[in-house]
Amino acid sequence: MKKELHLPVMIGLVAAATLFGRVLPTWTLSLATIAASNALIALGIVVLARTGNVSFGQGLFFAAGGYGVALIANAWGLTDAVAQVVIGAACGGLLGLVIGPLIARYSGIFFGMLTLALSMVFYGALVKSTALGGSDGFNVGRPSLFGMSFTDPREADFMLYAVSVIVTGFAGIAATILFKSEFGLASLAVRENNLRVEYLGISANRVISINFVIAAVFAGASGAFALMAQRHIDPQFAYWTTSGEFVFIAVLAGNQSVAAVFVASMALELVRSFSNLYLPNTWQLVLGVFLLGVILFLPGGIGSLWIGKRRKRSTLATKEPLAEKGAAP
Amino acid sequence: MNRFRRANRTVVIASAAAMSFGLAASASAQETFKLGVVTFLSGPAADSFGVPARNGAQFVIDQLNKGSAPSPYEKVGFGGMKIEPVIIDENGGATKQVQELRNLYQRDNVDVVLGYIGSGDCLAVAPIAEELKKMLVLMDCGTPRIFEESKYNYVFRTAAHATMDNVGLIRYMKAKNVKMGTLSAINQDYAWGQDSRADFIAAAEQLYPGVKLQTDLLPKFGAGQYGTEISALVGAGSDVVYSSLWGGDLQAFVLQSAPRGLPKRSQLVFSAADHVLPPLGDKMPDGTIIGARGAYGLMSQKSPLNEWLFRGYEAANGVYPVQASYRMTQAILGLKAAVEKAMSKNGGKKPSTDELVAAMTGLEWPSPGGLIQMKLADGHQAIQPIAFSRTKYNPDLKRVDLVDIQYFAAECVNPPPGVKSIDWIKGGMQGAKCN
Amino acid sequence: MTPVLSVRGLEKRFGAVVAADALTLDIPAGQKISLIGANGAGKTTFVNMVTGYLRPDGGSILLDGADIGRQSPRSVARLGISRSFQIPQLFVDLTAAENLTVAVSGVSARMSLRQGAEAHGRGEKAVGLLGRFGLADVADRPVSELAGGVRKLIDIAMALVRRPKLLLLDEPTSGVSAEEKFTTMDRVIHAVAPDAATIVFVEHDMEIVSRYADRVVAFYQGRILADGVPSHVLKDQEVRRYVTGGVR
Amino acid sequence: MNFFLTIVLDGLIQASWLFIVALGLTLVFGVLKILNIAHGSFYALGAYIAATAVTMVAARGLPPAVGFVAMLLSVALIASAVGLLLERGLLKMFYGRDEVVLLLVTYAVFLILEDVTKLIWGVNPIYATQPYELFGNLEFAGLYYVGYDLVLIPISAAIGFAIWFGLNRTVIGKIVLAVIHNEEMSVSMGVRVNRVYAIAFAFGVLLAALAGALSAPKISMQPGLSSDVIILSFAIVVIGGLGSVEGAAVGALLVGLARAASVHLMPQAELFMIYLIMAAVLMFRPEGLFKRETARRI
């Protein structure tokens, strides 16, 4: 279990994945970009889930990041991709800082429902705000990188792909380190028995809040990517089905491998788009069956395909009866 | 349907394979014209707009490929090239649509993408097509913002935007001197509802100075049950109740409001209601003033083209075509006209995207709904005539007839080039030519 | 010298049930005190109130003369009162060592988000503690695979990590077989000795009580029935009737 | 005063169907600990079946009253069958997994049912208004109300009472309650939990479908009917307290009245209202209004 993580290897993987984009057919580039940014937010959900809490409202931070970036971009004409990611992450993180401590004391379904409620309130506010285009949202210009602007579609797509893969990759590395850290262990402890954690003089709420903020930062950055990839933002970013999809990816991936999150979100995108092409009338059905299949045959998530039978350490595959989680003292 | 799918599957696989060998360029088909068609096949807009639009597309494309459309469209397909449609579901939000648009252009190598009903989707996909330098024909979506907020070279909209729906409606009410001292409104709480409401009220203030807005409701999209709203509206008892509701919401609203006496207390005015007449039948109260976002369906003007669509579509689908079917038709016919114009210039080769764009810009073509003119936004935004009428149930035919229909010329209800719609309305609709 | 813990007129009731009725009790440093009483006599309630899990309805709890009656379990723990649980409260999916490691890293003001527990020898400290309870061999096995007696010891070991001024053990030998109970208790007392001088343990088994306690407090319906050296208290008539008689 | 009465009456009409839906959701959660996202789809299913039944009856030229009865019966039969089928055939396989996983399973079911209903009934709107005229109209506070709407109020009250009675006064009900409150205990007492699960889920589906059927005559069935219902009933159940019948009742009333009030007083707020209430309730009473604090023995 206590195997060393090889930083160089992981960085190498990220680099390889980035260069791989060179040989990918163009249409997969933007697909992979979306997949990467979805993976980033799903990763945040996994991080948070290690404390036993699943957020059904990540759309809130996703949208916060997206709108933050979009507004700043349109106001000051700031188009640099990296800067936009940073802004997105900051917007998400700040909101997380405000909300995290407030809802850290809830657990289980209540945590999920509260996050969902908050994101839906935000959604309502966005639909109302005609200044932001209401439910139709508004567009932003294409991103640049370090002063270079990309007019050739393929180059532009590759630039986005590269940035998103690199950022998501490093987020993944950070997460792996976090999971192995003291704090990561304490997070698992909170999931298992937050009462004992308190009795050890550790603040379970603080542990949850910190993980929550990390998840919010990832979500905000992810929002920035989604915005850059589609140059358009609307309240759908904050809608409950959007958040649901991210949880969907997190569960699909399981939490045994960070790479699995990326694979899962790529798989989801592919299934969705091909079923929509060949079965335009029944793509939802295909999606549903696919989901059931994965949950049924890969209980540990897609990750379990190559991680194999390691000791169960899953956050999303072990059942805790609500009775215990209902009322934390 | 099946035929279409099988056809394009092989092509896609082939082209995908080709691309992965890095020869993406050479992957487009020779003597066929590959047309991406995007419309709602699921979700709330499917029944009212999406599916009628798809049926329209299938009817027209079949006819064109058989070469059995009336003049001036008798040529087979697009200038001899068979049309090969790739049909995609528009449901699932702008994010998904942007991705699907990219896939259509880059993976499936369609020559042109045509469709989109949701305003949000149109706003989202337009800039992407522009970036990819691929031609995009928006067929329906309502919001004027698309060309008023930005400029596009590769994007066209072959139907007039929503401004004329409400300007025309007010003009009609004035013409039929409908009394409107007080007004109540119920619109869905999203862009279409909010914009329509704004346009209608603005136009009303021009032609009905001193009109008093009483109850102004914005129920959630897809609410389905309007008991409370109806109480509020009946309670207010205004002269006129305006609504831009559509589809299931509109049907539910009519079904629930009729027995509660709303039609008796107030004149109902629906800006886009033709598509609910077939399903509602005798449930639609007589004397309701309705628009169809064009001179469509039962309000369409007699012409060989219109006969062709109306009868043919009815025969194929069991119901007569409504606005979405017409709008799809006029989009496809417009594209056909552009393709053939371009080919006449370049000596009959399959035109390049840029040749197509040049041909489409400022184009005019006859359609079942009347003459379409790409007059606004430097020849990228269409204007078209529109009609309004009152409902009257016809027990013999068991369907709602439309009586005292009045037409309005395109220039009468659409802003002139270079003026923002809302400013035009608020400025008293200067330069409107209403003969 | 002021007692480590002094409780004054402590009140707590659950509906009709009186769990603490004007409890007053002083615990000087260095004592090993056993709380006895039938089920529902208020022993565990007392422990829960002292450690901040339950809010007393009235009265005060002083630790070294400072009132801690309104503190949360977390701050009480930080102030120097630790406890073990009747039902061991462990992180069952983690290994024994990891359980202790969480406890150890909890002592430091802030936990590292980068370094693993191996850093600053916290892992060793954890394993060391396990060793002291003779559990070194199970260090890397998940708690879910361990027997009840072992869990009990781990639970106590975790309570010890903060070297508490006052250690409360809730039925340390419950669920331990009759023949093992003395060895277990010897282990506990021996293992605890270097870190915690003052110990309060809730106990049902009178043999344990008389062997390990140097003072016994008998509870009945939230009141203190008797308080003194075991030999004396265990002979008390009322205690015989209401407490030891009532022990299965 | 009249104005106030109007709000109350409108609120009650709203609450009546919301309550029936929420009741099913809360029951399923209470017993199976599943937050069933597909619940809305069952509402839609019920509505579609009802419409079909009514149109078939009307086609035979029978009076609307027959249609009304026919629709209720057919929905009751089909829905409970579907419920049993799903629980035994699908959900069973996922018991013991985390809440979230189960939630996603129901999400998948939701997606599948969306398309299945589409495949069966197509996308063209269907409806069956005959029963809507069944109870005439009557004037109240200067407004016309549809008898049918008003009749829904006692109907849903009756259903609510029946469920409450069934749970608290019958053996099977007591067993179900036992499972709701302490599953381990009831298992040790020899309760066949699997059976309780099947029954409870079937009942939940039945209630959702029934609510759909009852609203069918006044709405038009079309794709996307379900997603709005599910969020509403979530809100209600969370407000009332997951797994509590009284909670569902109070939650439904709260939401119904709040909506009515906002429409009459400040239409702008209508979109938020429910979520605000939900967030507020969760903030101050995380377990919802009617859930006992489950203190934990240590």
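Miscellaneous remarks
In this document, chain identifiers A, B, C and D correspond to the written order of the chains, with residue numbering beginning at 1 in each.
We adopt the following convention: a residue touches a chain if its C-beta (ideal position, glycine included) is under 8 Å from a C-beta of that chain, and two chains touch if they have at least 3 such contacts.
Just so it is clear, the model here is predicted, and its values are computed rather than measured.
The chain with its C-alpha centre at the largest distance from the centre of chain B is C.
If you compare A-C with A-D, the chain pair joined by more contacting C-beta pairs is A-D.
Of all chains shown, A has the CA centroid lying nearest to the centroid of every protein CA atom. Centre-to-centre, using mean CA coordinates, chain A is 43 Å away from chain C.
Between the Cα centres of chain A and chain D there is a gap of 32 Å. If each chain is reduced to the centroid of its CA atoms, chain B and chain D end up 36 Å from each other.
With centres taken as mean Cα positions, chain D sits 49 Å from chain C.
In chain C, the positions touching at least two other chains are 53, 85, 89. Annotation for chain D: residues 114-115, 118, 227, 268, 271, 298 touch two or more other chains.
Multi-chain contact residues, meaning those touching two or more other chains, occur in chain B at positions 41-42, 189. Of all the residues in chain B, the ones that touch chain D in their complex are 41-44, 46-48, 50-51, 189, 215-220, 222-225, 227-229, 231-232, 234-235, 247-248, 251-252, 255-256, 259-261, 279, 283.
Against chain B, in their complex, chain D makes its touches with residues 3, 6, 9-11, 13-14, 17, 114-115, 118, 123-125, 127, 129, 132-133, 137, 142-146, 149, 215, 218-225, 227-228, 259-260, 263-264, 267-268, 270-271. For chain A in complex with chain B, the touching residues are 23, 25-28, 30-31, 34, 127-128, 130, 133-139, 142, 153, 156, 226, 229-232, 234, 236-237, 239, 242, 269, 272-273, 276-278, 280-281, 283-284. Interface residues of chain A facing chain C in the complex, by the touch rule stated above, are 1-2, 177-178, 180-186, 188-189, 192-193, 195-203, 210, 311-313, 318, 329.
If you check the complex, the residues on chain D that touch chain A are 33, 35, 90, 93-94, 96-101, 104-105, 107-112, 114-116, 118-119, 182-183, 227, 231, 234-235, 238, 242, 268, 271-272, 275-276, 278-279, 282-283, 286-287, 291, 293-296, 298.
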